[in-house]
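Heads up, the thing below is written out as structure tokens.
By letter and in written order, the chains are A, B and C; residue numbering begins at 1 in each of them.
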Amino acid sequence: MTTQSTTARAAVRPRDAEAFGALYAQVQQFYAHQMQLLDFGECERWAATFTEDATFEVPTLPEPVVGRPALAAATGRTAAQLAASGTRHRHFIGMFDVSEQPDDTVRVRSYAIVYTSPAGGESQVHRVCVCDDVLVRVVGELRVASRVVTRDDLA
Amino acid sequence: MTTQSTTARAAVRPRDAEAFGALYAQVQQFYAHQMQLLDFGECERWAATFTEDATFEVPTLPEPVVGRPALAAATGRTAAQLAASGTRHRHFIGMFDVSEQPDDTVRVRSYAIVYTSPAGGESQVHRVCVCDDVLVRVVGELRVASRVVTRDDLA
Amino acid sequence: MTTQSTTARAAVRPRDAEAFGALYAQVQQFYAHQMQLLDFGECERWAATFTEDATFEVPTLPEPVVGRPALAAATGRTAAQLAASGTRHRHFIGMFDVSEQPDDTVRVRSYAIVYTSPAGGESQVHRVCVCDDVLVRVVGELRVASRVVTRDDLA
């Protein structure tokens, strides 16, 4: 069917495939839980899903946010603004391109769609973002060591 | 990198990770199939993905829908209205936060975005919902025993 | 809880469940990577995720696109138009209903939401699509052998 057999990498062995499947599920569960913490305003618990010295870059801030206290504070300000305006945000993240690195970190590029719903109004798309993360394992649990977010409307 | 090693729970063992990966995939497959049955108007088959005595709560109904016949009837009415108006709905569900309970049930909190497409018109976001389910295993297959849906625009 | 025990298919054995979990993760990783190649304008690499004689049907083309060169060319035209107009598209695909076939192919029905973001403008939903694929394994890697896309606004 194709002529690329000789250049393709070796066939995936079942055990490797199951190990990747386990990692992939862990990554998905991690992001689902992390984003739900954010959307439900659990700022401290959300910040705890990052390493203590994590960096977070977004295009709307002049420099990266560094460390859990700064992350929790930035998120808390946003949560307070949303609450004051009667608006809900949902971060729907997916499309995970997951690759384990030789240094045991896990690189994940994903898409994150942010939806906004004013109370009593129409829900709509707020932002379309690409999220480039480096995850590390801390006693078996995933943590974000660095995150770089880009926004399609600003690119 | 962090100081939390002593308080974190024990590292995930490979076998446990693969069992969770298997469950996580099963959950995703279950929801994808269930929502596709709904969107393609297969109301009876959709209702059969719930337990016979399942409860379904949504903010727009005064009391929970209980049991497969009532579930199929409610869904059939919506499907008929959509068909009459030439409109398609798609339920895009994801962001699964999955936790097995000591009683062997599986709790899943997810986000569901409903898109609407009038024939010949512009597709757009219709609803942004959070879905809290209790799943049970029936001869190895997942079934919804209870579902509570909230809508961001009504919260 | 239910009366269907006798009619349900046999309980899923752990080993089967883990093999399905591995496949399901592989499928998700495949689509995430494929769609990211498309959205980042890597047209040749995107085309290489199809078999050499793959067919691709969309409602806006009078006949199927066949083969990698034609796929890359069609995608390249769209990428050039988007770049010229300063607009970004993101294909967010998910809701995978995955079934292995007796002939060792894998059928996948999924939903794909396309978001559009004009530079400096508002991101919004562009298209809501259903994607019916037949995947084959080439030396352990998945490839699309045929794809049929439908659009909800044209259905």
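What we mean here is this: a residue touches a chain if its C-beta (ideal position, glycine included) is under 8 Å from a C-beta of that chain, and two chains touch if they have at least 3 such contacts.
Model, not experiment: these values are computed from the prediction.
Enquirer: In graph terms, with chains as vertices and touches as edges, which category applies: line, ring, star, complete, or other?
Expert: complete
Enquirer: Nearest 5 degrees is plenty: how much rotation brings the CA atoms of subunit B onto those of subunit C?
Expert: Best-fit rotation on C-alpha atoms: 120 degrees.
Enquirer: Looking at where subunit A touches subunit C, is over half of the residue numbers used by both copies, so same, or under half, so different?
Expert: At the contact between subunit A and subunit C, which are copies of one sequence, the residues are largely different (under half shared).
Enquirer: For subunit A and subunit C, let me know how many angstrom lie between their CA-based centres, rounded off.
Expert: About 22 Å separates the centre of subunit A from that of subunit C.
Enquirer: Would you please write down the residue numbers of subunit B that are in contact with two or more other chains?
Expert: Touching at least two other chains: 18, 21-25, 94, 124-125.
Enquirer: Which bits of subunit C are touching subunit A when the two form their complex?
Expert: 18-19, 21-26, 28-29, 31-33, 35-36, 51-53, 88, 90, 92-94, 115, 117-125, 136, 138-141, 143, 145
Enquirer: Can you list the residues on subunit A that touch subunit C in the complex?
Expert: For this pair, the touching residues of subunit A are 1-5, 8-12, 14, 17-18, 20-25, 94-98, 109-111, 113, 124-128, 130, 151-155.
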